[in-house]
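In the two complexes below, subunit A is the common chain; its partner is subunit B in one and subunit C in the other.
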Partner chain A sequence: MVRGFRSFHPIILLLYYLFAMAALMLYQHPMFLALATVAILLMNFMLDGGLELRKWRAMILIMAVLTLVLTPFFNQRGNHLLFYLFEKQVYLEAIWQGVMISLTLVCILTLFLTFNLVITPDKFVFLFSKIMPQWALLTMLSLRFVPLLRKRLLEIGDVQSIKGFSLKTGSVKGRAQSGMLFLQTLLTWSLEESIQTADSMTARGYGLGKRSKYQPYYMKKRDWLAFAFLLVSGSLVLFGWWLGDGVLTLLPVLEPVWLSGREWLYWILFFMMIGFPIWTEGKEMVKWKFLRRIG
Partner chain B sequence: MARQKPILIGISVLILVLLVGFPLLNTEHYLALSLLIMASSFFPFMISFAKKKVLSRELVVIAILAAIAAVSRVPFASIPSVQPTTFVIIISAIVLGPQSGFVVGTLAAIVSNLFLGQGPWTPWQMYAWGMIGLTAGLLGKTWIMQTRLGRCLFGFIVGIAFGWIMNLWVVISMIQELNWPAIITYYSTSLYFDLAHGISNVFFLWIFGSSWIKIIQRFKVKYGLFGTEG
Partner chain C sequence: MEILATHRLSFTYPNATIPALKDISIQVKQGEFVVLCGPSGSGKSTLLRLFKPEIAPHGIKEGTLFFQGKPLQEVTPIVNAKELGMVFQDPENQIAMDNVLEELIFGMENLGFTTEQMRKKVAEMVNFFGLNPLLDKKIDELSGGQKQLLNLASILLLEPSVLLLDEPTAQLDPIAAKEFIHMLQRLNEEFGITIVIVEHRLEELFPIASRVILFDNGVLLHDTTPREMVKELGTHKTMKSFLPSSALLYLEFYKKAHAETIPLNVKETRQWLQGEHVEWDEPSEVSSAAAVPSPILELKEVDYQYSKNTPAVLYNLDLTIYEGEWLAIVGANGTGKSTLLKVIGGILKAQHGSMKYKGKKVRKWEPRKVSYLPQNPKLFFIQDTIRKEFEHLALKHGERNPEERIQNLLNKFGIAHLQNQHPYDLSGGELQKAALIGSLLVEPTILLIDEPTKGLDPESKRAFGELVATLVKEGLTVVMVTHDIEFSATYATRCSMLFQGKITVTENTRDFFHENTYYTTVLNRATRNSSAYPVVTLEEARRIWRVKSPF
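Then we have the complex of A and B:
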């Protein structure tokens, strides 16, 4: 049985991701974004031990460093002139902006890594079927064909390699040409086969009446609790943004980066909301450790 | 009436966009405006297909074509930045018409991302490929799509445009104010990939365009599918 964060109703999970994305886009403040980065990285480790993270590490790092370096280069507005680089002024404000943009980027990309772990294709199609059933059906059909077509492609490749067409060796043009030839074979083969699938659908009554749905997810009590938590913390976080507590003012006067007063309150609230998966996932971990010690 | 309804909806959406868009244009919120235009040009087609009654055969054929477009990356894994997904979408759209082209394009993006991992780029990919399918379908009867040269030209332009649309998500999430030097630098870093996409489209369309069109056309006639759309 799936426990922890992943076991919530897909709509709750989607809601969390919507709120988290909005919060990351709106809260442009290094202190807030640094906290979010830590929280989301922790989330990644809790969900799959950082496996996905390791796969994407290089791409995310390159993008982050690139923006970090390039932003001060293009942003030429500010009051605190630090130094000149290639006859361009580099401002403190621009450096902070670079930090914020690259942290936002890291947060969004790593958040999407957890999204792929949490919103598995079945949940995705379930969510889709709520809004557009026809699209969901189509997606499901197409999803099912992908592994089948892959298998067929391998088969075609095996046969063609005997005839001397290869994808591994030869010039780029030659490889592209034989790749396309494989696809063409796949096209003719699969189109003919598809008619059979369709006729079998018709035989089972597709299009006769309203389609019924298999509903594997129900809102339980804990889903409603999570819903309330997200709604309350989410609106408080939005309110904090509206007050301007989560945004670092760059111009006309650079605000001190270290937080003060009420901003700490929203800092904690922001952490509570972004870290929602950490609380739910962590609870399970603590329980597991605790129960094992008793046993 | 059935033909007029989409047109009426289109006009009302257009008026709405203009009403909301004008103040945005005035206050130089170009990014917000472009997002608005994208959303309003995308969702009507999503919804109109969701409401349409489709034959099971047509449904499965669309699903197969989108799946082929999605897996078509596999045989080309050894050649970097060459993949015929766009080619498959263009060809399907030429034969099956604008709406089916749009659906194949959008669906190919959804399906390939479900396998490779969703990201902030998913909606942009859906939009870009959906619109490529739509325009290819709309131009399907004109000389652009009926001659080999026209198709290649279209494929090249669309290959570059695809990259430009895909760059937008980074631009929107990173660049707060419109800053031309930054945007141009960013776009020039992707130019190599965009060019590769455009050129490989031309290559595929030049060599395989006619034969693929013939295959799908023959199939369409044989089973009498997508009759009304041409």
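Then we have the complex of A and C:
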């Protein structure tokens, strides 16, 4: 979908991730965090059908369960004593805290999975070059070298293995010696070749004057709208935190977990902000479905 | 108008006693297509680089270079970078960025173009070059030919008035090379861009060049039109090998030809042959009574796949290699030629099929049986000097009397004076020979050669071909994969065509090329269905055509 969430200007996307991260860390309340978990999981499915999530699900689950179980075990403060485990008190407050920490973890990790899907390397370099143009260029140059060096090392290994120098067979000492020789060859060879790269860069005027940077992204009207939306909803969400509406008070007195009054308003606002990708991506999905039916 | 010129230019490298360029004065007019040729080390690349002061070699320079009538030192570096575009030999090493778009705009960014300008120019250029499908690709997904076109495109985005090219097609396969040269011809004819190209592959360049300049040992030998050049060089002993084969065929007939009648391509040769009456001796059938050589290596039903999800590169491949032959395996890019060689060499393990050496199944090669000469001979060396490399290798394989054998080989191949040099300081031809010595040191029975003629000048190519031919006569079996049709036709004893993962045909070299219509030598294309008996190589024409010179 060309006009989905991913098509926003990288700075808008970065802004969303900053706000979302902040909101997740500040809003320590099971009701808010549960909502965020649902929203972010949904977002994962919308962006790539949950492929990336499936790769990481075991690790995320293990971490979540571990924190959920271990927090009450270590946190010994509260008023509502539930039971004793291995001669240690287990408090209701500590259990709620465990729920909140593990939900925060799940949210942040799954949000980061979408970050990798949305902020692709070229967008990342673009953002990076805004801050440090020289370093961004260096990154681009080194990015080119990773596959190149890998390929070259493989080639060296292939040719040398017929000559009888191999990393796969022979004594450990012999293999280590061959390995060092291969790396040394890779280094001399690559240095030799990169002189040509330097020549070709110089021949195209590198280092002669101030470099300009191609801007593949520019702010469109919808980017400005998104910017305004994020700014307004983000500040409101921050304001709600400042009021204390999104934080579950554990001590000295445990607050009821179910929301009441004004808290519902902030709950909706929080959902609107965290769910920003769901609106933008979902709109496109609906459009596609609708269009296809006409066709 | 003169766009480039040199006046009494001499250049000497540091620590060198003989100058690399001696008293060179040339003028290149706007819109000309100039080819600089000559053996390796004759100073042509040095001359090209002197026009780009930022990358010019260090040394003592005398005389002046001019760009648009102005001495080069008065041209600002920015103007130089923009107006004189340079393409180098290795397609891979010239690329700085990791994706196509970034690479295209690299030069424009250096010169401070705005995003709008870049976008417009890239759009234009991508359409002209047909780079559309490649625009979002990573560099390592491109083929060599595509990389070189990308290099050319990224230079052209700066709108240079002169293109300087330093052996741009040396590392490309013949089809990609032809495409590249056609692109240069278009740029020259449709946009009037001045082109100065250093190249060894002259078959395609002679018909389109407006001038050819020949260097030898830093001296300008000739500066004239392609046809005049043929006439001048026709009698030269070594330089002759630079000429297109059709011109050489013509010179067999007319030793003192008129320049304007000399054919430079297939079409012209055919026209000339129409008006000619050629008599020939029916070639005597090679006596088939000769002892049938015994197979040394048999491959049966070999499959190879790089990974489970990619299509098979080799599929159900059968191949028999006989003792003492020189088998050339030809085929287009990506048909799996190099893969086949690696499977034979045991670098890659086939998923299916068997390989038998003298009737016995091969599990693991002993290094004494098979040796491998890689496409890039630099990879052969892991020591600082070539001699150390040989000693290291001999030690590894427990060779007796290695010193004597090394010296013998070094003398035999004529590179004994280079034995204490670093391998990277050798020229292409010398390095090729050094790697060949290394692979012969263990006295293998089979030698595998991958693409040996890449980047070699005609003279080194001939020297290499003859050297290997002697080794074959001495009993070595050679399996070579190559794109170089002319080289295979001249030296190989049998040829195989690899297609869709199988060997489709294997025949004696002569029959193989005789029966092919498209995949064959220039001379065969020129002489098939003509009034003369069709020949594959010049050597064959010399042997069976009864050439009567009217002069």
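The definition used in the following text is that the second predicted complex is superposed on the first by the 264 of 295 C-alpha atoms of A that agree within 3 Å, B and C clash if a C-alpha of one lies under 4 Å from a C-alpha of the other, contacts with A are read in each partner's own complex, and residues count from 1 in each chain.
Note that a contact is a pair of C-beta atoms (placed from the backbone, for glycine too) under 8 Å apart; a residue touches a chain by one contact, two chains touch by 3 or more.
Everything numeric in this text was worked out from a predicted model, so none of it was measured.
**Q** Determine, under the contact definition given at the top, whether A:Ile162 touches first (subunit B), second (subunit C), both, or neither.
**A** Second partner only, subunit C.
**Q** Look at A:Tyr17 in the shared chain and tell me whether it touches subunit B only, subunit C only, both, or neither; answer first, second, both or neither.
**A** After superposing on A, A:Tyr17 lies clear of both subunit B and subunit C.
**Q** Return first, second, both or neither, reflecting whether A:Asn116 touches subunit B, subunit C, both chains, or no partner chain.
**A** first
**Q** Should A:Thr188 be classified as contacting the first partner (subunit B), the second (subunit C), both, or neither?
**A** Both partners, subunit B and subunit C.
**Q** Of the partners subunit B and subunit C, which touch A:Asp199 in the superposed model: first, second, both, neither?
**A** Both partners.
**Q** State whether A:Phe229 touches subunit B only (first), subunit C only (second), both chains, or neither.
**A** neither
**Q** When the two structures are overlaid on chain A, which partner does A:Ala176 contact: first (subunit B), second (subunit C), both, or neither?
**A** first
**Q** In the three-chain superposition, say which chain, subunit B or subunit C, touches more residues of subunit A.
**A** Here the partner covering more residues of subunit A is B.
**Q** In the superposed view, which residues of subunit A touch subunit B and also subunit C?
**A** Common to the two interfaces on subunit A: residues 141, 143, 182, 184, 188, 192, 194, 197, 199, 201-202, 206-207.
**Q** Can you list the subunit A residues touching subunit B in their complex?
**A** 25, 28, 67, 70-71, 74-75, 97, 101, 104-105, 108-109, 112-113, 115-116, 119, 121, 124, 132-135, 137-139, 141-143, 145-146, 149-150, 153, 157, 167-168, 172-173, 175-177, 179-180, 182-184, 186-188, 190-192, 194-195, 197-199, 201-202, 206-207
**Q** Please output the residues of subunit A touching subunit C within their complex, sorted ascending.
**A** 122, 140-141, 143-144, 147-148, 151, 155-156, 158-165, 181-182, 184-185, 188-189, 192-194, 196-197, 199-216
**Q** Name, in rising order, each residue of subunit C that touches subunit A in their complex.
**A** It is residues 52, 54-55, 77-78, 81-82, 85-86, 88, 90, 92-99, 101-102, 105-115, 118-119, 138-140, 151, 154-155, 158, 342, 345-347, 365, 367, 370-372, 374, 376, 378-383, 393, 396-397, 424, 438-439, 448 of subunit C that touch subunit A.
**Q** Per the contact definition, I'd like the list of subunit B residues that touch subunit A in the complex.
**A** 46-47, 49-57, 59-64, 66-68, 70-72, 74-76, 78-79, 82, 84, 88, 103, 107, 110-111, 114-115, 117-120, 170, 173-176, 179, 181-182, 185, 200, 203-204, 207-208, 211-212, 215-216, 219, 223
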